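What follows are several structures.
Presented sequentially are two complexes of subunit A, the first with subunit B as partner and the second with subunit C.
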Partner chain A sequence: MSAQFLDIVTTAAIFYVVAAGLLIIFGVMKIINFAHGGFLTIGGYAALIVTQLGLDPWLALPFAALVGLVIGALVERFVVRPLYARPLDAILATWGLGIIIGQLITIGFGREVQFVQSPVQGAALVLGESYSQYRLLLVLGALLLAALLAAVLHGTRLGLMTRAVIMNESLARGLGINSGLVRFATFSLGSALASLAGALITPLSSVDPNMGVPWLVNAFMLVLVSGASLVSLGVATLVLGGAQVLISAYGSPILGSLTIVVLAAVILRIRPQGFARE
Partner chain B sequence: MTAAALELDRVSSGYGEALVIREVALSLAPGEIFALLGKNGMGKSTLLKTVMGYLPLAAGAVRLFGEAVAGLPPYRLARRGVAYSPQEQALFQDLSVGDNLRLGLADSALFAAGLERVGAFFPFLPERLRQRAGTLSGGEQKMLLVARALMARPRLLLIDEISEGLQPSIVQKLAEVLRAERAASQAAILLVEQNVHFARAVADRYAVLKRGEIVDSGRLDDAGAESRIVRELSV
Partner chain C sequence: MSEAAAGGAAVAARSGSTREIKRVLRLALVGLAAVAAAPYLLDTYTVNILIRSLLYACVALTVDILWGYTGILTFGQSAFFGIGAYACGLAFSHLDLTPTVAILAFLGGLAVAAAVAALVGWLAFGYGVSPIYVSVVTLVLPIVVTQILFSGGTFTGSSSGLSGFDTFDLSIEAWFWIAGSALVILTAAAWIFVHSDAGRLLVAIRENEQRCEYLGIDTALLKTLLLVAAAIITAAAGYAYAGFTDVIAPELAGFVFGTELVIWVALGGRGTLIGPVAGTIVIDLVSAYLSGSLPFVWKLVIGLAFVVVIVALPQGLVPVVGGAWRRLRRRPASANGDGLPILQAAPPRPRLVGADGGPAVALHGLSRRYGSLRVLEGIDLAAGAGELVSLVGPNGAGKTTLIRCIADGHERSGGRVLVQGTDIGRRAPQRCVGFGIGRKFQTANVFETLTVAECLRLARARRERPSPWRREASLALPQAALQVMAATGLDRQLGTAVKHLSHGMKQALELAMVLALEPSVLLLDEPTAGLTKAERSLIGGILSGLARDHGLCILLVEHDLDFVREISSRIVVLHQGRIVLDGTVAEVIGSALVRTIYAGEEHAIAGAAG
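Presenting the complex of A and B:
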């Protein structure tokens, strides 16, 4: 029972880290960045490079975030920005970009599955259970990320401007806010978070050119049921991530892997705003 | 010679191919309050959106303190000292009163000074900074809207139908505030209104906009101005 509780909490934390970048881009820009899986994969390979160079595995995190930030900034400037007036085309462009990222990584690193070194090894005794220290660390990481995002959104001028753009971009522009700059910063940050998430999850699984695809599907559904709220995302990851853990344990792992997609679709059918307040 | 705070030179504008305002010309001196009057659908709000850069010019020129500003996006006009209060969806309903006021400033460090000034006009604001703007009464929301526009001490205010649906005491209060602000800062104010009494209480000059064209204009204290306005608005 304790193990399942820990599984639920750590799974929710992992999903939160994976989906946060997608959510902030959706919140500000009203587009789903289908290259999110690609950025996740970039983060995984950034971690692989750190491992292959024999560097401290902790360096994978800032390195992945930096690579994601730079590539995200370039993508916003040259791919997404020209399509602001055509949001559907922008979404399709990010979809295509995700495919291109996967192909470029295949050319550069090959198709084979590879592994990265975990910055933390071993298990810790929690609630009477011997549990992966790294998964526990991810819970702290998710809490830290949530606190950091909340501090930026609610404690800084940039956060206030971002919330204004989320709520009413036209009005925000009339108050002197350069919404284009806010979009640029948001897409870059969201991409950095996606790559950071990629580096964080690789010690739990493996690295391959398509590693981002299943994460993208789940993150997409979590964002749909969360609206533009990071609080709702926290609730959604706990509820849907928890359901996935329980169905995997008491049903089958195959059914478990479908849980988030199916439950999110049902929730949206019953309550179109999902876990969001309105 | 001092440049006009706002000058519209034969401005035409609208939505796509459809022109809503045609060859509108008007000029506001610094410190002047001007009322643009007209019934619904005559192009008043379209004119403000054109000045503010939300709609492109089809023809003519818009000058702000002598400088042509056509083509500039709204945020750059705001940074040049233009405060715009739209008629609809004018507040961030889910943000606090304080955050709405902060958004009227380019720099949050100026908040205390700005709050002190608008708090003198609207004493309820400093006491309710944490309250969600959407939970204020209709009149309070309009006062917050004006307060936000005044936070940065703008050089030009564009205000769209602020008196609509308000009780007379609040309309009178808003008139006093706008006149006091003009006296204190020499701000030019362009009001879009249907309320002739409010316009007369605040503005120096007026123009009546009908089907996108100015059909009458003059000083509001001229004898016969009110009857001409009422006649134009009733036809």
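Presenting the complex of A and C:
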């Protein structure tokens, strides 16, 4: 029972980390970044490089975030910026980017599945269960990430500008807020977060050039039911991630793998705003 | 224009439409001849690959109709392809191959695909569902279908699929002829359809679905029908694919194939039919040739090309090539004005009257709240045939909200709305149009990329079902719409694309479109904003004539009190969501209350009263 509780909490934390970058881009820019899966993959391979160089596995995290930040900034400038007025086309162009990233990685690193060294190994005794320390650490990581994002949004000037752009972009522009800069910063940060998430999840499984795609689909659905709110995302990951854990355990793993997409689709049909308040 | 000349022009217009159709049919014959000859000219390997490409191209055609023309971005056509393929593969693997089994499997596959598509349409096009939802559902669909196939064990062959089942004993040439002629026929049929009057409906839905609904067009039903038709064609292609290749695998139904179809369509040129067909065939053929030597690089090139096309050439590659070819041959692209229809007067039809002869529109205790904000409260209002009732009041009084509540049953929070004695209940706008409502919006709400004539044809779609294969040579409009067009000069702009019209002309066009519906209750939200003084008084005269001579009930929201005074038979004053005054023009204009409400506009009232 407590193992299941831990599964639910850690699964929700993983989904939160994976979806956060997609959510802030969607919240601010109203654009769905289908290259999100590609950025997750980039993060995974950044971690792989750190492993291959024999460096401290913790270094994988800042390295992945940095790579994501730089590539995200370039992508915003050359691909996403011309598509602000065409949100559906932005989905397609970023999907195309995902393909490019996947192929470049295939050419550079090969198609085979590879493994990354985990910064933390072994199990800890929690609630009478011996449980993976790394998964538990990810819960801390998710909480830290949420706190950090909230602090940036509510405690900094850029955060204030960002909230203004989220609420009413044209008014914000009229008040002299450089919404182009906000968009640029948001996309770069979202890509960095995606890449960081990729580095965080790889010790749990493995890396391959298409590792991002299944995550992308789940993250996309979670973001749609969360609207632009980091709090709703927390609720959505707990509810849908929890449902996935339970259905995988008591139903079948195949049903479990469909849980998030199907439940999210049903929720959106009944309540288009999903878990968001209004 | 004399009658004879008009008749001559009508014949010319019709023959223009027929001439184009004949040209397409001739091209299709050339295509069929090429299909017949190709297997003898190409090597077996190429023919083999081309069969697959031709079947994919049939599917790309459906993606183009859905996405390129109608604006429904679908990632899920692969699911229907998979359904068709598995109908074939499963039947032939588990049953003896007899003609009956083959036919039943074919029909069964199509039926399942059609049912799934209908379900998708019901989910995606319900009232209030967000426009992006259809893309979400069509993304989920292939994922679900793939997982179902995975979990089918030995029955579906799970992740490796099924192969080597008994299949049709057909030569490779025969398969090529089947796939090729199907593609040529489908392309020609699709071309004729999208260039017909009914085909314009697809573009109209993409451009402005709301306006379509307020023209009484059931867009949800139309889009669902399109999805179903596309699913049937796609499933048939999938069935042929399985029959030819003798292999089925879950990837056929997968999300990756679904997105590849979108990529091929985008690269070829969405909304061009021939672009997606050419794009699919070229890309799939080259992929097959390069899959041995440069598989990753080729996919990288496709990804790069896709991003570049989406960002820089959203219309795709074929229109670019085609444009260069036309410039080279110095032949201008055929203008939209080609084959303009001739305007005619539609025979007047008996106006809808309520069974009890009661008021044309009646509101009882109508209210509208947004959360705790009460925009309308306790509105009781009745207006009869022949009345022209002006709604006035300061900004934020709830005038536009009131109009909205009459035209859409979902809008109000409480109370009842009766049109010609019928309660509109919770009916959607397109059903309210059926009760006799016609609504003109505050800002011109028209179809920007269509021509004036096409907009008006769409407004008549409820009355005269548009032809699915040609452009009619004449366009019959009711007298009132013709008057508005003559007064504003719109009748000389029939071939002009709406986006090139001035703001005032767009207003006039929308008014003409609403009048073309032949409504019995006309809801007008500032119909003359942006028109010149002369045009305003012409339109004012037409409106009061419609009420007086034709028994229309008109509710008009207007700020210009001079205009209101000239044409109204009655004035209703709204203030803070309530009716504060309801009386004749003289009573209202002279009222002290109105002056207080219009504190800032006292002079206007005083001037109007004096």
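Things to note:
The rule is simple: the second predicted complex is superposed on the first by the 278 of 278 C-alpha atoms of A that agree within 3 Å, B and C clash if a C-alpha of one lies under 4 Å from a C-alpha of the other, contacts with A are read in each partner's own complex, and residues count from 1 in each chain.
In the analysis below, a contact is a pair of C-beta atoms (placed from the backbone, for glycine too) under 8 Å apart; a residue touches a chain by one contact, two chains touch by 3 or more.
Bear in mind the structure is a predicted one, so any value in this text is a computation, not a measurement.
Touch criterion met: A:92 reaches subunit C, while subunit B stays clear of it. After overlaying the two complexes on the shared chain, residue contacts for A:251 are found with neither subunit B nor subunit C.
Touch criterion met: A:221 reaches subunit C, while subunit B stays clear of it. Contacts of A:155 after superposition: neither subunit B nor subunit C is touched. Of the two partner chains, subunit B is the only one touched by A:177; subunit C is not.
For subunit A, the partner touching the most residues, choosing from subunit B and subunit C, is C.
When the shared chain is aligned, subunit B comes close enough to touch A:167, but subunit C does not. When the two structures are aligned on the shared chain, A:107 is found in touch with subunit C, with no touch to subunit B. Within subunit A, no residue touches subunit B in one complex and subunit C in the other.
Here subunit A touches subunit C in the complex through residues 78-79, 82-83, 86, 88-89, 91-93, 95-97, 99-100, 103-104, 106-107, 213, 217, 220-221, 224, 252, 254, 257-258, 261-262, 265, 268-269, 272, going by the rule given at the top. Against subunit A, the residues of subunit B that register as touching in their complex are 52, 54, 73-75, 78-79, 84, 86, 89-90, 92-95, 99, 102-104, 106-108, 148.
Remark: subunit A residues 157, 160-161, 163-164, 167-168, 170-179 touch subunit B in the complex.
Residues 73, 123, 126, 128-130, 132-133, 135-137, 139-140, 143-144, 147, 150-151, 255-256, 259, 262-263, 266, 296-297, 299-300, 302-304, 306-307, 310-312, 314 of subunit C are the ones that touch subunit A when the two sit in their complex.
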